[in-house]
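We call the chains A, B, C, D, E, F, G and H, going by the order they appear; numbering starts again at 1 in every chain.
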Amino acid sequence: ARNGYPEVIYGEGKTVEQIVAITEDLLTEGKAILSTRVSAEKAVVLEQKFPDGIYHKDARCFVLNPSSKLTDGYIAIVTAGTSDIGVAEEAAITAETFGNSVKRIYDVGVAGIHRLFANLDDIKNASVVIVIAGMEGALVSVVGGLVDKPVIAVPTSVGYGTNLDGITALFSMLNSCSSGVSVVNIDNGFGAAYNASIINKIREGE
Amino acid sequence: ARNGYPEVIYGEGKTVEQIVAITEDLLTEGKAILSTRVSAEKAVVLEQKFPDGIYHKDARCFVLNPSSKLTDGYIAIVTAGTSDIGVAEEAAITAETFGNSVKRIYDVGVAGIHRLFANLDDIKNASVVIVIAGMEGALVSVVGGLVDKPVIAVPTSVGYGTNLDGITALFSMLNSCSSGVSVVNIDNGFGAAYNASIINKIREGE
Amino acid sequence: ARNGYPEVIYGEGKTVEQIVAITEDLLTEGKAILSTRVSAEKAVVLEQKFPDGIYHKDARCFVLNPSSKLTDGYIAIVTAGTSDIGVAEEAAITAETFGNSVKRIYDVGVAGIHRLFANLDDIKNASVVIVIAGMEGALVSVVGGLVDKPVIAVPTSVGYGTNLDGITALFSMLNSCSSGVSVVNIDNGFGAAYNASIINKIREGE
Amino acid sequence: ARNGYPEVIYGEGKTVEQIVAITEDLLTEGKAILSTRVSAEKAVVLEQKFPDGIYHKDARCFVLNPSSKLTDGYIAIVTAGTSDIGVAEEAAITAETFGNSVKRIYDVGVAGIHRLFANLDDIKNASVVIVIAGMEGALVSVVGGLVDKPVIAVPTSVGYGTNLDGITALFSMLNSCSSGVSVVNIDNGFGAAYNASIINKIREGE
Amino acid sequence: ARNGYPEVIYGEGKTVEQIVAITEDLLTEGKAILSTRVSAEKAVVLEQKFPDGIYHKDARCFVLNPSSKLTDGYIAIVTAGTSDIGVAEEAAITAETFGNSVKRIYDVGVAGIHRLFANLDDIKNASVVIVIAGMEGALVSVVGGLVDKPVIAVPTSVGYGTNLDGITALFSMLNSCSSGVSVVNIDNGFGAAYNASIINKIREGE
Amino acid sequence: ARNGYPEVIYGEGKTVEQIVAITEDLLTEGKAILSTRVSAEKAVVLEQKFPDGIYHKDARCFVLNPSSKLTDGYIAIVTAGTSDIGVAEEAAITAETFGNSVKRIYDVGVAGIHRLFANLDDIKNASVVIVIAGMEGALVSVVGGLVDKPVIAVPTSVGYGTNLDGITALFSMLNSCSSGVSVVNIDNGFGAAYNASIINKIREGE
Amino acid sequence: ARNGYPEVIYGEGKTVEQIVAITEDLLTEGKAILSTRVSAEKAVVLEQKFPDGIYHKDARCFVLNPSSKLTDGYIAIVTAGTSDIGVAEEAAITAETFGNSVKRIYDVGVAGIHRLFANLDDIKNASVVIVIAGMEGALVSVVGGLVDKPVIAVPTSVGYGTNLDGITALFSMLNSCSSGVSVVNIDNGFGAAYNASIINKIREGE
Amino acid sequence: ARNGYPEVIYGEGKTVEQIVAITEDLLTEGKAILSTRVSAEKAVVLEQKFPDGIYHKDARCFVLNPSSKLTDGYIAIVTAGTSDIGVAEEAAITAETFGNSVKRIYDVGVAGIHRLFANLDDIKNASVVIVIAGMEGALVSVVGGLVDKPVIAVPTSVGYGTNLDGITALFSMLNSCSSGVSVVNIDNGFGAAYNASIINKIREGE
């Protein structure tokens, strides 16, 4: 990882022994360490080995030495449904571990658009907005049309039939009729937060 | 066609001679005749042969003896962009030829959602709503969440890249998080209007 | 949900605790409550918590306080095979919970078309027809050509090889050569019934 | 080509000079020669060079020395729509050039199923049935359920939107719920007739 | 089923109770009964209930009262690999239950083409040839080029990566450069044999 | 458009008369006007009507009243090949019209990676980096791994065969193993520049 | 290009002026220059500008200063049909320009497998074999099973319907049941020859 | 297998009894025997039956009598990530069993390109290079641009979302902008090594 940046371990497909070994290695550098895609079973072992670490269950992330100082500006993390929260929490924990303030605005999908409008000020005042949605992903276009901050869209694999494991949400978001939207891979909460953090830090003058 | 229904000729892939022949045949039955997907070149010939007929250029429809009595309730035809108007006019002319009142509400896509809200009453007061959109089709979910009338969605092939000639809009609409939405084939303005007409006529007690 | 409409909980991907909590919340409003996509295991807990509720096993639906008054007109629910019955029952229970009369006409696929003709009167006399089919979905076109009521088609994921988990049935139905057909997502019995209910209620003058 | 079989030239992508050269070469063997996928422009040249040959415009076939003796049993060639006739004629001319009697039964798609039933005896009495359809290809399942002769299905690229240039019709036909159906490539009238001819000749005891 | 034809039960997705019930029903008609896609677990129950029946493990078929008289001409069933044998046996048992002689020619794929040539006479002397192959399905084109009997091709889902669960073999076979080939659904040994049986019976003068 | 932002007209699928009319309308507001996807033929008419405007041929953009003050920080626009330059210029002209300094770094694809390294300082010193590539899009991952600024990736439809009109480049970029990358639609140079401009302006304290 | 290697210009999407400019630039280095994908129209200009150059029409290649010394070992270039010859010639001219001996063995597809066997010795004695085929690409597996030299397979976009512009041939080849086969992009004769040349030169001890 | 070549058993989908039987059969020929895709459970049985054999756990290969003499030149096996090592070891064990020297260069993906450059000499000095990568497969283009040896690319199914089980990596590699690259099926380490071995042996003058 770059200077001053936390180290990141992608836990999927790694044994817990491998994660422990990499973590011990990195600890010597004294930096924050974020492990993503860590299952509850693996977390038990990590918590024993590293009692200072915290396992975030919804986010499936294990964190050591997170940044203690948070930014003034914040990243808004917006989801369409409750099923998108796992991806949203991966984004939120990543952003916080990297030292960003985060505001969570969940379950404001367009089927009940009044809930979105009730939260609009919080979304508009963010430095960057992450919008997370499955199914048809329409929330991204609506939010993109209402705010003039960078919007990073995360399609999720939530849905069935023609949602095609997230491909439909992805293609919808790439075709968004609203400007100022860019997109990351399906379910990639980490990637969205990493991007948002770089942008948020610009505002902070870092 | 069924009793009292107009006859419909699908003009695509038929020569103008074929359309003329079928039209002459049907005229003897004294019913309304709607020819869809008629190019401007073919229309010139049809207008000569059948001076009573009217060619609707945007809709690419040629109409003879349309219904003179229109329903009280109306079908709202809503589009996201101006490029969707060709499909919308095919729907509108079809609906009118079948004897329905129509209200056109064009270019109210979610990128500028205030225009949609400005027209909301007209949409809510319709008997049936046809929503036509290309790109990511988000307008369908927003409208579907706001009205409690049947919504018939028409994906259009408008867009580029990942819109995949309308497949992305189609799949989005089928995944709509709003209830009360059903979908027809890409660019199928005729089919949407045919469905809407059946439903609208139920309300009229026909 | 809208005034007078039942509340609907989409059970897939929710824990039984979440379903219980939402149900308790909604009960205070005294409306009908329909939970779809509820597994048999979750149903055991729901039946204990809410002894007044009924679990419909084939439909995988749990219902509280369904509408006691049913419409005069009815919705015909037609399936091609026996394997489509799960989706059909989701549609039937939804329609009934919303206060509609329903007529079930199962296993009348076109491979033995005489069975379809034997039931044709019941289909023609419905207010709305829901046709549910997997594999190649040909039943939709045949029914669509025979009735002049709105036909709502539900592709199912029943089949193997080139049925592609329902995509083939879906695309077939969208390409139906018969007019008056609109389509919902694969296996979406609920969505079809929701649409059919709105239309059926129009006839009732609601 | 095998003994006694006509020679076949696939004209697509060959220059007219190439077709002439191959034809002259084959003429020395004194067999029937069938050139398929021959455009009207190329046909002009072929007719000049080989005045004995006949160009079948709808079929886009050029034929020299067709079989003069036709089989007793016949091949029924059935189409859903008029736009499928080009493919049907390719099949019909191929079958006749190979010495088969052919009965053409066109435009009997399931949207108006009475027309199919009006022609059912002619279909049932054939030795082999070729069914040609675009869009959703439902005609194949209906015919397959009604006859106990081999049915060879040809999907056509007729349609738009989700017909995907014939892939939807193809997949529908492969998923046909009726037994006794096999399928050839999209628009492959020649291939269907070649198969049908082999089977029809078995009946003739050849 | 048609007069004199065995009855067929498609076992997939049916409970063993359902299969037993249908079987008992059909037994009263005194015809042969073939149940396909029957798992080993279900077979145990069927063998207890119907001690006269035989379960064919590789074919996953349960058979009662198969035809005792076999045709003179035979159906050749050819596979590319050993992994295709399950599908081949479904075809073989179906064909035999319907009263056809069968010759099994397994594991003669083109990677070792000498094995194919060693068996060529048996293939050429058949009335109909069924070719079954996964991966790239090249065997179909080679056999199709060598024999002048009808070839029915069955793609199998054997392979990995770009075989796409059999779609690649399917598309290969539909594009076969050899004439006289038609195709059925992926893994559909039953369907191929049903077709082959109809054709083989023609030769027998049935 | 938002306050102070230029107005944007998407020229594709609009007649030149429509573009002229919209332009005249917007001119009254005195803002910058950017028309994208304007063909050379349409440009001739626009240049006559609006002699102050400039047509950028490679970018296919027509610009009126561009921002005269440019940002201190700059956007680096990097392409893999020369065929990507059309898309790159659409991005560059958009960015400049919106008041951003731009540095063009073209034809530095990974097949000759030394050219990329020769330009690395210019890329690293940018505020935001836009990477534009067709074919396999590998350049995005290499640049993403070398810089710690936000990288906005634009897949282009350049290539043939398995590039699938840009889908392959798109999916590659979404799967980039490097962090800090987000993606826009195929060939969407405008969208990338719009995003980059918002981010670049943050740095400027706007 | 590497030391001693010819320079290659990919002509597709370049204007003839651009090709001339690049060629003049490269000429100063005194190396062989190969321009691929050059249309007949562009070739006229190139032949005027560079009278020493030779335009290979079938290959669509323009060559200056080709290698005068050819290798002892040769590359066999094998095609299934005549329509594959354009791609084959691109491969052949590339290989020769790079100094390789080439043996052309065209039109030996598996539909008439005897022609392949008649040429087998020439194929077996090559250093490397390039196999070029469209449609189902079966020739690759047959050749791959018969030779123990490296086989480089080139799928072509020749065919219609389910050949999907070459994707079917590509996937077939990647699934080849024969060992020793690797694959390049659809229609990429140049790429196959470039690979073959590197391997052939190894044998020569270069 | 060919003279002097090891025998290869593809273990996937074979029972351990089948593998034992084939192995015993082949042992009589006294050649090396390589079984690929052997699970740990099956390996236990094989190790008991054939105590001289060695099971390579990461490679999932069981080897008897491997070649004792290794080539002078070596095959470089390069992976992008650690998750690609399973495929890489299948390639490595295959290559060694066939008598090739191998150099393993793992985890040098382009996200940290310095690690690749640190190993560049080892890659450049190989006779053949196998590059194995999942996700976007960018490593192939970078390596292909830096070396002038044959590069055989293996896409892996490692990744999520739009990697589509390896299809994205496959298509990327086929579109590689670098020359001298050919590709094998997804996860096909064996096939890559088989190809590489043939080429490496050419250099050895075999």
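Convention: contacts are C-beta pairs under 8 Å (C-beta built on N, C-alpha and C of every residue); 3 or more make two chains touch, one makes a residue touch a chain.
Remember, predicted model here, so these are calculated numbers, not experimental data.
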| item | value |
| --- | --- |
| Lowest number of touching-chain links that must be crossed from chain B to chain H | 2 |
| Given chain B and chain G, the chains that contact each of them | D, F |
| Computed distance of Cα centres, chain H from chain C, in Å | 51 |
| Computed distance of Cα centres, chain G from chain D, in Å | 36 |
| Inter-centroid spacing, chain E versus chain D (mean Cα positions, whole Å) | 27 |
| Junction residues of chain B - those touching two or more other chains | 161-162, 170, 174-175, 179, 185-186 |
| Contacting chain pairs - touch in the sense defined above | A-B, A-C, A-F, A-H, B-C, B-D, B-F, C-D, C-E, D-E, D-G, E-G, E-H, F-G, F-H, G-H |
| Interface residues, chain G side, partner chain D - complex | 82-83, 158, 160-162 |
| Residues of chain D that touch chain G when the two form their complex | 12-14, 18, 155, 157, 165-167, 170, 185-188 |
| List of chain H residues in touch with chain F within their complex | 80-81, 109-113, 135-138, 140-142, 144-146, 159, 161-164, 168-179 |
| Touch list for chain H against partner chain G, complex | 2, 5, 8, 127, 148-150, 152, 170, 174-175, 179-186, 191-192, 194-195, 198-199, 202-203 |
